[in-house]
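Structures for review follow.
Each of the next two complexes has chain A plus one other chain: chain B in the first, chain C in the second.
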Partner chain A sequence: MFIHNFKYTLRILFKNKALIFWTFAFPIILGTFFSMAFSDIEKNETLDIIEIAVVDNEAFQNNIIFKEAFKALSDKENEERLFHTRYVKEEEAKELLEQGQIAGYLLLEDTPKVVVAESGIDGTILKQAAEEILQSGEIMKNTGGFGILEGGASIADISDSHLSYTMIEFYTLIAMTCLYGGILGMYAINQNLPDMGSKGKRVAVSPVAKGKLVFGSILASYVVQLIGMALLFAYTVFVLKVDYGDRLLLIILLAMAGCLAGLTLGVAVAAVFKADDNLKTGIIISVTMLGCFLSGMMGITMKYIIDKNVPLINKLNPASMITDGFYSLYYYDTLERFYFDIASLLIFAFIMTGISMLRLRRQKYDSI
Partner chain B sequence: MKNVIEVKNLTKEYKQLRAVDDLSFEVHEGEILGLLGPNGSGKSTTINCILSLLDFSRGSIRILGSEMQPDAYGIKKEIGVVFQDVAVFEELNVYDNMDYFCGLYIKDKATRRKYIEEAIRLAGLEDFKRFFPKQLSGGLLRRLNIACGIAHKPKLIFLDEPTVAVDPQSRNNILDGIKALRDQGATIVYTTHYMEEVEILCDRVIILDKGRIIASGTNDELKQLARIEEKVSVETQRLSGKYIEEIKAFPNVESVDYSNGLLLIIYKKGKNNLTELMDYLKKEDIPYNRIYSERPTLNDVFLELTGKELRD
Partner chain C sequence: MIVFKTFLKVLNKCKTPIIMYTVFLLFFSVFNMRTSGSSLSFVASKPDILIINEDEEAGITESLVKYLEKNSNIIEIDEDEDAIRDALFYRDVNCIIYIPENFRKDFLDKKNPEVRIKSTGDYQASLAELLLERYLKTANSYNETVGSEEELLKMLDATLSKQVDTELASKLDTGSLEKAGFYYNFTNYCILAGSIYVICLILSSFKNEGIRKRTMVSSMDYKAYNRKLLLSNSLFAAAMWLFYVILSFPLLGKIMFTRHGLVYIVNSFIFSFCALTIAFLIGNLVEEKNAINGIVNVIALGSSFLCGAFVPMEWLPAAVLKIAHILPSYWYIKTNEMMKGIETVNMETMKPVFINMAVILGFSLLFITAANVISAKKRRLG
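Up next, the complex of A and B:
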């Protein structure tokens, strides 16, 4: 009976055009769009190397993030380097700026300070770079990164590459796809609920335990979701030529955990809310989009702001757990943070499943 | 006679509303029991309580000799249900829909295939096996809905208004199919607000109103509850008040109504009412186009018992 239900749920999900669009086609279309939009931007970023200075004081020497980042951004071996950096005393930096030999200089005290001569593209780039380095550092600090650094582990070697806008968007796209899988779970579970329509009533009066039916439906939804995710990975790797680096397997592992979290979120929405399919779909899409927004889909700054001011939100936000996992793969050589994110996703899935079970185990209804 | 269903003092309350009020009845093996009542009379609520889908406030329900519970899988295996709303998957074709629902009851594929083919024949869907629900007409969709509910050959079948919004041809096909199921030995509980269907199909009828049984029995038993014996209608023009008063004075006449060229006479009892009336019309040289006599219908019974039409 379990296999019978599993098999038919698979067929029902695969034949539902709307579900297939959102699960399979939409992420691929969005990925294509990202690739076209951001690869052009990155190709056009043929900026001249900017002359800058960094005040070589104690604060700078003690700040590994800034030190490593400016080293990478000024590395002569790096074809995409942004800066030619001089490490000087503060007075010398002022002098160079007055003489117009540099576009600006960085001074690290309690907070980083960028001094530029006049407003212009070079000064803006320096400011932007400093800000991004600061935000990345804050994210790492908020996620325990500094603890790892102080413990002797090393920051990942980023000297020969940098996390491009395209990659950030692809990581968020994967997170979004994981959570969109909730629609599959919701749809599959709805078919087993007598208060959701006659199909549910017909299933409920059959001589099959509800647990068996629900488990079969969830498993089928997960399989469909994983196939959708595999297609997305295959398309981005082989067609869009996205380079996930040498940690593709870990990325896939994270995506699988993310899919489970998204799926169970959808199941919980199906179980908890007594509403029609459209409203439930709306709830899942809204939660997903909000989660992705707070985790930095529309700009990494949002993740930084949330992590700094209301860290609890992103600790509960599955989209943030997924993107955080991707960033941790990029930033750290060690996998502690990554596994923490995987564990967080599994705990999230466990809690969602628990909530769903509490609701689904009821056998009779007050009204249907 | 063996009881397949025993309902005792069933009461279902929704906050202030008592949807089912102290209902007690039995369904005998092999019969078609009609649950007749207007919309909101408690028919579907009663069925949902019997099927253990709905919690109820008081009472007990036994099916096939055992107490009905949500996990009474042994009992559920013997039950087939056709709900009022069509319950099929848009993503599956006719055959696969039947296979899915039948598969919840019958594991063996070969048996399932045989049963499904039989149900397809019964529902007259032979030419539509590979059609998807959206390709079917309303009537065919209803037939599929029924076929999905009965393919596993249940002993007890609940049909909840299966002919709503169905064309006459499909309705006849469905009614023939239901008779065939009864002939095969199934016990059927049939809810409807179409009295004609009840009169054609049901061995016994329970009339519900406001969640209570207001009458029950065979068609003839119920009709005896009506105070009227015969209705005579005469299509005639320009009938004066004098004649109407004289007809009112006839023996056994309960009431006389004349409007829009139609004279309607209700008789309480009597066997020669029509002959007497025709003699009078001839004697008074009153011309008429048509004259016909009817026995009271269940609708008349319902009207008399509740003061309203079945389809109100």
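Up next, the complex of A and C:
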């Protein structure tokens, strides 16, 4: 009987088009949108060569320091090149600025002046560069012609790798899929509930142990959920090139724990709320979306803000546990944080199961 | 009137998603506004940095910290390794600067101490590095020639305080325009999702076979019935547009009373009309009520992501923007983006804007034609 129910639940789930769309296709479509929209963000945040102009007047021609410095900063061969510089008349510089072709221009009269179109990073860099040149002239004067010396105190860059924060978007996507899987569990359990339809009534009066039936339905939903998850993983890894780190077994473990949390959430919703399918689905979707929102799906900093200011919320939020698990696998070398997340997910699943069991066992109806 | 009444009845049923889209819009607009201030004089960008100073705060070390404090935003974070790592990952800080123990002593003894940094690699981090580098270079240069620390600090201070005047050429209030652009770009999602969802649901309710048969045998003229349905839907789209426009006034303020604001309003009106035609087409295509939710999400989210409603257009890959040309949202958002750079609004500068609007109207025409062809084919009941 267990196998029979398991088999038929699988068929029922796979035949429900709306269900399969939301749990299989929608995450893949959303992931594709994410990847299209976010793939260039981080590239755009690195410093590009800035388009500028220098007013080529007498003062500039006579000022060797400025002339040489701008030549060096615009040199294609120079690794620390900052600018692409045009040497033009003042009128022309104004025009270029108005047309948005340059970020700003430098005008050298008695003192140097920088003119920019708007406040921002490009203007700041131009201002800083001009100041640095001005200041190195001072140093020259003060040190009696020695100028800037090499050596002395220095900077050592010890930055971490794995700093791509847009990855969080994809981790929340996985979290969303895990929790959406709850709809599968809910749907399967509804088949066994007498108050949800005639099929449930027939099941209830049949001489079969209800535990077996419920377990069969849940297991079938879990299998469907894992298949969907495997597809999503394959798609994000091979097509979208999402980086989950390289600890494959732990990644799978996390995905399975996440799916279990989603599934038990769905089962609990099915068991606790006496409502129709639509309302139960609505509850699961709302919980999922709220959870994903708090773990950074609609703005990555949201997760950080919550983690920093009200950590308790994200400690209770299954979407955040999943996202945080992937994040710690990607960014951290140690595994403490990861195991904490896994444990939280399992505890969450355990509590949800407990609630469902209390509600599902020994149900009696005088009339329906 | 009876058609309109039924229309209102169905509309009442689907108010939840509309409220949800509006809440999203409000939340993100307010969130966005908090972050960008507006100013008419030049404001230098300041990187967010965290200084971890293991040296005593005196002499050259104190001077370095002060210099960094002046030129960047210092972020306070608990001295907990995890918290610091998280802050860097989520760009709460762009650069962490570790000043080593005995920095002051080693520096004065010319032992070449090393200042370690961890950066995010973005432009703010580059700026932070630039500042630190300049300070160290200047300090190194004076350290060679000057005898005492006191004199060194004095010269350092004198040199580093030399500034270059910076002037803003444009009189555009870029901050407000930026906000207005963000708000109206985001309405792309609300208008599309709202109209497709509501209109599809209403059309499919009217298409219910029993209702359709009753309408057909009733004395009401088929054309009048269609006209009324179309009118009610247009009324809904117009009401939604008006709602978002009115909402933009308290949120965006002054800018909405300028010519720029007027262009945003007109542009969103034309786009709302286009969204109405899209909704009509989809409503005619889709038979099943269950499918509506999926279609709304795919079309509204897709257009919004690909055309730059959520992520600014300038940050999208070129290939994505090319694909986006086939979507009306692209032309709508393009106008909003253009308005940020246009100083005076007149016939001459508005030419490209008119072209964008014409393209959106062209799309609408296409959708109306397609919807008519399809509904003509489907009119017969088997």
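Points to keep in mind about this one:
One rule holds for everything that comes next: the second predicted complex is superposed on the first by the 240 of 368 C-alpha atoms of A that agree within 3 Å, B and C clash if a C-alpha of one lies under 4 Å from a C-alpha of the other, contacts with A are read in each partner's own complex, and residues count from 1 in each chain.
We take it that contacts are C-beta pairs under 8 Å (C-beta built on N, C-alpha and C of every residue); 3 or more make two chains touch, one makes a residue touch a chain.
None of these values were measured; they are calculated from a predicted model.
By the document's definition of touching, neither partner reaches A:181: not chain B, not chain C.
Touch criterion not met for A:325: it reaches neither chain B nor chain C. When chain A is checked against chain B and against chain C, the one touching more of its residues turns out to be C.
After overlaying the two complexes on the shared chain, residue contacts for A:27 are found with neither chain B nor chain C.
Once the two complexes are laid over each other on the shared chain, residue contacts for A:291 go to neither chain B nor chain C. Touch criterion met: A:135 reaches chain C, while chain B stays clear of it.
Looking at the shared chain after the overlay, A:4 reaches chain B, while chain C stays out of its contact range. By the document's definition of touching, of the two partners only chain B reaches A:209; chain C does not. Contact with neither chain B nor chain C is seen for A:266 once the two complexes are overlaid on the shared chain.
Once both structures are placed on chain A, no chain A residue is touched by chain B and, in the other complex, by chain C. Chain C contributes residues 24, 28, 31, 39, 42-45, 82-83, 85-92, 103, 107, 110, 112-124, 126-127, 129-134, 136-145, 155, 158-160, 162-170, 172, 174, 290-291, 294, 297-298, 301-302, 305-306, 310-311, 314-317, 320, 341, 343 to its touches with chain A in the complex.
Across the complex, chain C is touched by residues 17-18, 21-22, 26, 29-30, 33-34, 36-42, 44-47, 94, 97-98, 100, 111-121, 123-125, 127-128, 130-132, 134-135, 138-139, 142-144, 146-149, 151-160, 163, 165, 298-301, 303-304, 307-308, 327, 331-332, 337 of chain A. Across the complex, chain A meets chain B through its residues 1, 4-5, 8, 11-12, 15-16, 191, 194, 197-199, 201-209, 363-368. Within the complex formed with chain A, the chain B residues making contact are 14, 48, 51-55, 70-71, 73-74, 76-77, 79, 81, 83-92, 96, 100-101, 103-105, 107, 148-149.
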